[in-house]
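Each structure below appears as structure tokens.
In what comes next, subunit A is part of two complexes: it sits with subunit B in the first one and with subunit C in the second one.
This part shows the complex of A and B:
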């Protein structure tokens, strides 16, 4: 919107502003149900959580004020630091699925590819699969004794590890599932991005003698960079909140839990097993700040490499 | 379905009315008591007991609410905090002190309960500062289960109830066959069904009787842990990694583990499977320095917020009566706490010698429980895990664990 519009229209300003006020009120009335829902179900609990984070729960709704003790704890607790490292490792691992998704999208976008619909459906199935169900199946795939993965490795003479109970491999295993689950969604978004690129650019490049790789690197990659930026931010935000894979595939008695515990899983342990809601609230607030900071950094960084014009 | 556009607002009104209507339960004549429990397999008996009570008390209706154990206590605490808790509910010995301390349980003072009918150790589990907070319902103990196929294959004699730790180790050694991937026993990383038993048998303790001190720095307690870790080190048990990949119970049932410590509540489902019934047996736990087993149990408690406290108390008392115990025994899932009513439970499984679980009541050691059990239990699992994974010895980790638990116990 141009900033000069108000002055240009100054002669009829009063009339406009009355109409504007009406319009604003009507608009507000339309979003009121949503706004009310937001206030009751999101903002209210957010404020309550922040308030609770300064307390220690004594059970059954009773609590005592402890100030910022839980926050100070968070920075010296080796378990919390381990959880931060694990969460970051997992998120970075899942981010690596984005270039992979671009390659798949490029392949699926080929003209004249047979059974394109089937491929697209196949890649999208993991996205609509319940995480719990997927995690249960992957838990069996990774099983050290009877897992299909180790059976496959055995065929080529590799003695596979106990993927989920070995500290060295547990994070890799979770990242594989994370990438598998996010791949389909990323491919669909990339396909939309690819289809928005005008074909004449490619035709020009082809005339100039650019090969497939050259066109992909110099045209496709920069042209879909807004999509890449969007995907990296959303992937990061969802990966930083990962909980279900640890809950289903790992669990509290697993010898590799220290290499798998994410911040949100730590939140669950604190709030629901140790039953300290106050401390858990502080962890939740830290997760929120953590995600905010990382998302801001990402948005900043992407300005340097994203092309928003064709 | 085609809906004329002009009738949409009308539909909206109907929808709102329906939604509002759904908020309030229809009024019923008389009094309603809500009863919460977790074991779906005992639902039929629960329902029957509720109907019996309704027949004896005209105008009273009982609503039954079953919640899976994994969510039971989270839901119970949340609903009690929110003022919508049940009137009568199951509670176990490990949670009771916490609930009693928070003042959400009503003291059981009615004369309808004949306390002398329950074994003293069980009555004590639901007693806080001399006040009863629950009417004992059922009890459980632990036994040594063995897989006949594994014993037969190795040509080893089946275990007997007069075994000691030494006998167990010898048999486990004879059963173990690394080539075939068969282990003598599974050193299950489970407090109730494994290491608490051996801690008590070694003369150790988890928490001191006055609830002020952890026992993990005590050499006897540590012996109860090394009993298991030695078995892992000797290769007589699968490692923690292996037991996380495949549940010890699954290994036991698939003939790759010869022996397993497991609770009395497992008898029923194994008995109901004919193949399993023919292949497993049970004896008393092998004795260490002394004979011992973890004794644990459930009670029916009454909410202090119940608007029909007297009636709720009466119902709880009925649920702990001889008549109710008979019903519970006939289900054959758990051992009723009411003295003498265990016989029917034993008789319901003639092919298993489940009498050993009843005999074990004599030397049962009550589950260690303090108001902060939920908190220190997590710390215990966290700090014993590396011991089980053989990354650190209990002699090094024990004192650290004791210190951490002591710190939590101060809050009691």
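This part shows the complex of A and C:
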């Protein structure tokens, strides 16, 4: 114990402040590895990307400052505008899987339903299927000539299109896969939400003579609105970043690429095929802005949307 | 209880319709995988019959061999497993230490720091890719497994998930250990970490799925086939065999199978872990 400079502090308080200092050091030491990694791989790159988005690559690693030119390009470049529209269409399409999931969750939540566990497991299979593998089998299912989807449509007399090379159907096909991939996840989350609803509410409604549809519309839908809000946001955030389906199912030489190119796919093309880093950085920043807007809307809506009271 | 349920819910047309609806959904969920299996066992000619046959006439196992002959599939499989294991171990070490600190160790500025870290969760990963590529290039890590492992270890989400877990644990155990004179590291290692095991399992499951699915970063940073993980390897296989669907299905099924097997073994942890996160692909 040192005695020189501690004249005004009682031994007890000195002990406490020393313990505090020690705790602070320990706390920071525990966090240090994470902070170091985040600084190198996240924070530094974030700042660098934003900086680079105001430059134009001149080749050989050189670049010049162009201000917001890359951003202004989005408003005149038909490819970029197309990518924005495609990404929004895809995201909105996949959102439609959410009400479908609620129907399945509601059906699964019936009292005394047999096989609930098996159904839940099977619904979850697409969630756990490797995205690239799923995209490949769907590409085969959608095949215009030999695909099983068109064979099934032919049975009912429909002449199916070349789904993935036709600009009119390519987005629909991608949305189908997107819904297929996310449905099981949405069902599981809804099921948890439904199971949290007190049963006496339903029993009261049943006694009042409310039928199934009535109970679903005026009880279930409002009661799970927090879950719906959560799922809408997570679905939007992941759909806005869709890359894998375009890369595997469509690809650069597909005649329908202009109707399928998402923003992140365009980011890949621009940054790593054309090697225009400045422009790619601006695209990445735009993805972030989209996501921030969604997050802000969510915070706004959450206040209005989440009413449990009946 | 069970028999009561059955009495209260006899087989009615409504029940049958309910099961038909649920079964249609289940079929739609698993049909693509079954079709993948069926196609993977057909000959090329057989895969192109019109209308398509639901089942192959005889099993054309050579499609599976062809995958190994065309791409270094075994190597890519090993790459994926090594990356998945090391990322998981790394995340558990880095994130649990930070999470414990954010949850339980008191120091000034802790909450502010936590919110700053959490804000990074809102940033889509594309924003990091260009500079990360430059980092890897400058330290000579292009075409290496480290390039796939290192950036994935520092997970904000993993830290958040484990912090929630540590906060839910009772304080008494820690306080008793403190009175006994145990240091923070010892309390963390021998008391808190074992208690957080369910959280660690969730985190492992999530990092396994994330590693298995990661495509964009892998495509960018590892262009040599022997350093690719399965997702990127499959896409290069597709580039070479664009229309040989039996071989493509064999490769993609083999790549997807391990995750599905682990899922069937650890269903509860998978569903809970993924339900907690809200992130996939």
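Going forward, the second predicted complex is superposed on the first by the 259 of 310 C-alpha atoms of A that agree within 3 Å, B and C clash if a C-alpha of one lies under 4 Å from a C-alpha of the other, contacts with A are read in each partner's own complex, and residues count from 1 in each chain.
The rule we apply is simple: a contact is a pair of C-beta atoms (placed from the backbone, for glycine too) under 8 Å apart; a residue touches a chain by one contact, two chains touch by 3 or more.
This structure is a prediction, so every number in the text was calculated from the model and none was measured.
Participant: Touch check for A:112: first (subunit B), second (subunit C), both, or neither?
Facilitator: The answer is second: A:112 touches subunit C but not subunit B.
Participant: Touch test for A:272: subunit B only (first), subunit C only (second), both, or neither?
Facilitator: both
Participant: With the two structures laid over each other on chain A, which partner does A:227 touch: subunit B (first), subunit C (second), both, or neither?
Facilitator: In the superposed model, A:227 contacts neither subunit B nor subunit C.
Participant: Now for A:86: first (subunit B), second (subunit C), both, or neither, which partner does it touch?
Facilitator: In the superposition, A:86 contacts neither subunit B nor subunit C.
Participant: With both complexes superposed on chain A, which partner does A:138 reach: first (subunit B), second (subunit C), both or neither?
Facilitator: second
Participant: Between subunit B and subunit C, whom does A:292 touch in the aligned arrangement: first, second, both, or neither?
Facilitator: Touch status of A:292: second partner only.
Participant: Of the two partner chains, subunit B (first) and subunit C (second), which one does A:57 touch, if any: first, second, both, or neither?
Facilitator: neither
Participant: Touching A:186 in the superposition: subunit B (first), subunit C (second), both, neither?
Facilitator: Neither partner.
Participant: Of the two partners subunit B and subunit C, which one touches more residues belonging to subunit A?
Facilitator: Answer, by number of touched residues of subunit A: C.
Participant: Across the two complexes, what residues of subunit A are contacted by subunit B and by subunit C?
Facilitator: 143, 145-146, 272
Participant: Show which residues of subunit C lie in contact with subunit A when the two form their complex.
Facilitator: Going through subunit C, the ones touching subunit A are 5-6, 8-9, 18-19, 21-22, 25-26, 28-30, 32-33, 35-36, 39, 47-52, 93-95, 97-98, 100-102, 105-108, 110, 113, 117, 120, 122-132, 134-135, 150-151, 153-154, 156, 159, 184-185, 188, 209, 212-213, 215-216, 219-220, 230-231, 234-235, 238, 245, 248-249, 252-253, 255-256, 259-260, 263-264, 267, 270-271, 274-275, 278-281.
Participant: In their shared complex, at which residues does subunit B touch subunit A?
Facilitator: Per the stated touch rule, the residues are 74, 77, 80-81, 98, 102, 104, 189, 240-242, 244-246, 374-375, 378, 381-382, 385-386, 388-389, 391.
Participant: Help me check something: in the complex, which residues belonging to subunit A touch subunit C?
Facilitator: The contact residues of subunit A facing subunit C are 23-24, 26-28, 30-31, 33-35, 37-38, 40-46, 48-50, 52, 103-104, 107-108, 110-113, 115, 118-134, 136-138, 140-141, 143, 145-146, 148, 151, 154-155, 180-185, 188-189, 192, 230, 234, 237-238, 240-241, 243-244, 247-248, 264, 267-268, 271-272, 277, 280-281, 283-285, 287-288, 291-292, 295.
Participant: Per the contact definition, I'd like the list of subunit A residues that touch subunit B in the complex.
Facilitator: That would be residues 58-62, 143-146, 162, 164-166, 251-255, 257, 269, 272-276 of subunit A.
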